[in-house]
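If you scroll down you'll find the structure; I have some questions about it.
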Amino acid sequence: MSIELDLVPTGLVRAIEELPLVDHHVHGASTRDLSRKAFEEMITESDRPVPEWMTQFDSQVGYAILRHCAPVLGLEPYCTPEEYLARRARIGTDEVNRLLLGAAGIGHFLVETGYRGDELLGPSGMAEATGVPADEVVRLEAVAEQVAAAGCAAGAFADRFTEALWERSRSARGLKSIAAYRYGLDFDPAPPSREEVTEAAGRWFSAGGFRLDDPVLLRHLIWTGLERGLPLQFHIGYGDPDVDLRRSDPLLLRGLIELAEPTGVPLLLLHCYPYQRQAGFLAHAYPNVYFDVGLGVNYAGARSVALVGESLEVAPFAKILFSSDAWGAAELHYLGAHLWRRAMERVLGGFVADGEWSVGQAVRVVSMVGAENARRVYELGAG
Amino acid sequence: MSIELDLVPTGLVRAIEELPLVDHHVHGASTRDLSRKAFEEMITESDRPVPEWMTQFDSQVGYAILRHCAPVLGLEPYCTPEEYLARRARIGTDEVNRLLLGAAGIGHFLVETGYRGDELLGPSGMAEATGVPADEVVRLEAVAEQVAAAGCAAGAFADRFTEALWERSRSARGLKSIAAYRYGLDFDPAPPSREEVTEAAGRWFSAGGFRLDDPVLLRHLIWTGLERGLPLQFHIGYGDPDVDLRRSDPLLLRGLIELAEPTGVPLLLLHCYPYQRQAGFLAHAYPNVYFDVGLGVNYAGARSVALVGESLEVAPFAKILFSSDAWGAAELHYLGAHLWRRAMERVLGGFVADGEWSVGQAVRVVSMVGAENARRVYELGAG
Amino acid sequence: MSIELDLVPTGLVRAIEELPLVDHHVHGASTRDLSRKAFEEMITESDRPVPEWMTQFDSQVGYAILRHCAPVLGLEPYCTPEEYLARRARIGTDEVNRLLLGAAGIGHFLVETGYRGDELLGPSGMAEATGVPADEVVRLEAVAEQVAAAGCAAGAFADRFTEALWERSRSARGLKSIAAYRYGLDFDPAPPSREEVTEAAGRWFSAGGFRLDDPVLLRHLIWTGLERGLPLQFHIGYGDPDVDLRRSDPLLLRGLIELAEPTGVPLLLLHCYPYQRQAGFLAHAYPNVYFDVGLGVNYAGARSVALVGESLEVAPFAKILFSSDAWGAAELHYLGAHLWRRAMERVLGGFVADGEWSVGQAVRVVSMVGAENARRVYELGAG
């Protein structure tokens, strides 16, 4: 169902290229200068050192950088890793960020700050670097861990977390749970009782109160998040080795989705690879479920067209969003947008070339998925 | 592996377009006049109201209706939902049904009557509306619930169900289990004992004897169905939110498939989305397993070519069937056939264009999957 | 993302066609003359008789034989099964093997000898028939069953197995576990204690000491294999009905992968269908994980391009290997290589035609996946 790009109708190409996207789940760009080792470790989800007998440039994301980021930095496409990194070093990280973030064509960033956020540009830094609005998405587990670090009695944890979350999210647009990383999505979906929370907090604090991975507390965070009422994002599927991919199948969230339905809070399933069809089913079945295929698009590179295609099956078009999930290297911010645009051109261009969709329908779906759905869900205004 | 339709050899196109299909799992068409709300709720598997901030026409099945059903009703392709529904209302439901059911080109319907069948055309109504034979597929759970509604002692349930099933299926061509909806496919595959059945029937009757969701009774129904000896269909995968998609993976049926193998009863896995490859594996491994990708084809619209492609991998071609699983709106009956034909043209046309298959081989597979396999399994005669 | 083969750049086609592949997991070719029944039973993974109402030639692998193997035997493509088998019988099995094994263009075979190896050519027979090196991969379970057959006390089993494994694998290049067939991959990943092994061996010997399917012993074999230090292959996913496909998801190996990481032993996930994306994720996340899509490529025939495409998503290219997993009929040895080459031409040719990859990058990946990665992992030298 894909198609040579030069066969895609000009009107559709223009609509896709010119649409200011809402990147509804992204992290900040790094302002550090990066050695080759540091750069290679930033273009993989693995947290292991890259083995000496390989280079991370020999991957879809590596080839996509050499193909698509190189011209943004003034190089020929398909340059070598050495040429690319030399150029990157020569023009400096600030300029690299300016060029790549600018070329991404984002109209609004929703920046999740909970993972090593102090090493990266925050929402205001992202807004400054790009000249477009950037709002925050607050990671529930990070707030809870700050509460623990500040010290509190187990019996006070629930109240202190509520206070901290309301305070921390005053101007936020959304919340995020990484229960998939910390436990798996196969937790009991019901809210835990106050007593269970106190008991679990006691266990956690006795163990030091660092990494929160107790399922009772993870559930409590989610249910407090639902009370807070902001759109709630969930890490789903693909990520670093910390995730048990088998236990991050979005279908495991069915119980929670149904219990949360009366709250009216939008639940946004992030990334989802390789469970994009499962996510699409949930978005079809439940009015409160949305999803995207960010992250996977970047790491699948030339194959991202397949992922985007699979995301456009049973879910209503009003339930699909765009994100890059970029973290650190600005190449990932650019590719997240650029590869998604190319994939949409090929997939929707294929529907049009096959006579299945009109150009107008394709343009409408691009606009919904790329920006309008996120503007509605997060109440961002007209953009 | 897909291809522009105008590159598909004429002989293959003609064979596909002209083949009278056997729709081996379909429900009746609705004869009611439908408001926009009622129509939109009929073109989704969700049982929730369509949220006011979206329309179900913004989906693959919605676009397929505007593209493919519109011309059957005398409209231009890619009309608006408003134009479509106005036209539909003007010509009236009977004429809409006549046009769309007729254009589907079905040679034989196997009509499953167990879900709100009184709101729809039955087998004889479908035969009358189309002029081709229509036989019945009997839903096991519906028969059991009728037995319960008529009133019986727990200890008499097993015998009463057997009598009712034999009576009810005298002229039926097949049976169907919706254990996936009622419990999940992760049930104990062995037949329950008489005592277990009595005990479970007692529990069920005490609770009112309405919706049958006890796994002991569901197993009993299946094993009684296997004794009855008609081909036995199973709902698999995609459906309404009543299904836990994770627990409707066809691989969960492995134990039952092996226990049922000596009975010689064909087991037909319906729909299967997104587990079509898993279903194909079972059809490859076990002589008594068949499958189709109905329902998913309709809801994937322009992407149905991907599903049909994935269904043509490891399963022998004698084990794959066609169905629409249409329910209610006759648009779904038409699209089930029409989208399948277009997908087969693209997928098999692609094999031929790539030099992998001959036209003769492609025509043979179309004929097997579209009609012959079902005629053999259900003993429908030559057609 | 696939493409007409005549649009693939000549340089890429030549690189793919001329590369001597390393088939890192294959079984021997059969030297028996085969009746039609015996041949059909060899071109399916099912161990059931082919039902009389179908022929296994009506399948993707059957059509691939008639399309691609026929010309190697001097017939027209798309001949009938009868013509094919008559020709096969006339020229004789030795000549069939010489022609098909020769046409496969393999540079080095790694022959797994543990399944009915006495009916097939062994490594030296394969080397003789092809004129290229063939080394052995030793199946752990076969060695253990030989130890049991020779007779030993339960308390001596662990030592006797170690001795036998070291002896048996003196010149082997790799080891293989079929725990997926014998139990499932959902076993406790930790090494069992000496006492547990003795106890389990006692149970096994009391039951006759034949088929080893005790999870304690299967784990013991794997951990002894990790001590032996040769690259360790795992059957994953698709295979004969002996496998519970649901319990052969590679994600179930996560615990073992992490525990085995410090040993530095490469873990090679074989076949993987339909879990190739899950395997790719593991190869992305863990430095010690590799995978291939052998077996599935053969049985998917004209659809193998889809599998190969899905294998080229998130895994670094240094972690993907080629295998045929052919067993018995030399058609499977030939098709394993030939269909893989055609799929790589289409998938990588598509990336090049789309402007996503350079020809040089595509040639590099072909060389890595087709030969270099296996040469490095198994220390085969330059080839």
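First chain written, first letter: the chains are A, B and C, and each begins at residue 1.
Everything below uses one rule, namely that a residue touches a chain if its C-beta (ideal position, glycine included) is under 8 Å from a C-beta of that chain, and two chains touch if they have at least 3 such contacts.
Model, not experiment: these values are computed from the prediction.
Enquirer: Note whether the interface between chain B and chain C is symmetric in residue numbering, meaning over half of all numbers used appear on both sides, and answer same or different.
Expert: Both copies, chain B as well as chain C, present different residues to each other, with under half of the numbers appearing on both sides.
Enquirer: Between copies chain A and chain B, what's the superposition rotation on C-alpha atoms, in steps of 5 degrees?
Expert: In degrees, rounded to 5: 120.
Enquirer: Could you work out how far the Cα centre of chain B sits from that of chain C, in whole Å?
Expert: Chain centroid spacing, chain B to chain C, equals 36 Å.
Enquirer: Among the residues of chain A, which ones contact at least 2 other chains?
Expert: none
Enquirer: For the complex, give me every residue of chain A touching chain C.
Expert: Where chain A meets chain C, its residues are 2, 4-5, 44-46, 48-49, 51, 53-54, 56, 58-60, 63-64, 66-67, 77-78, 238, 240-241, 244-246, 273-274, 296, 299-303, 305-307, 346.
Enquirer: Which residues of chain A touch chain B in their complex?
Expert: 1, 249, 251-252, 254, 258, 277-278, 281, 284-287, 309-310, 312-319, 351, 353-358, 360-361, 364-365, 368, 376
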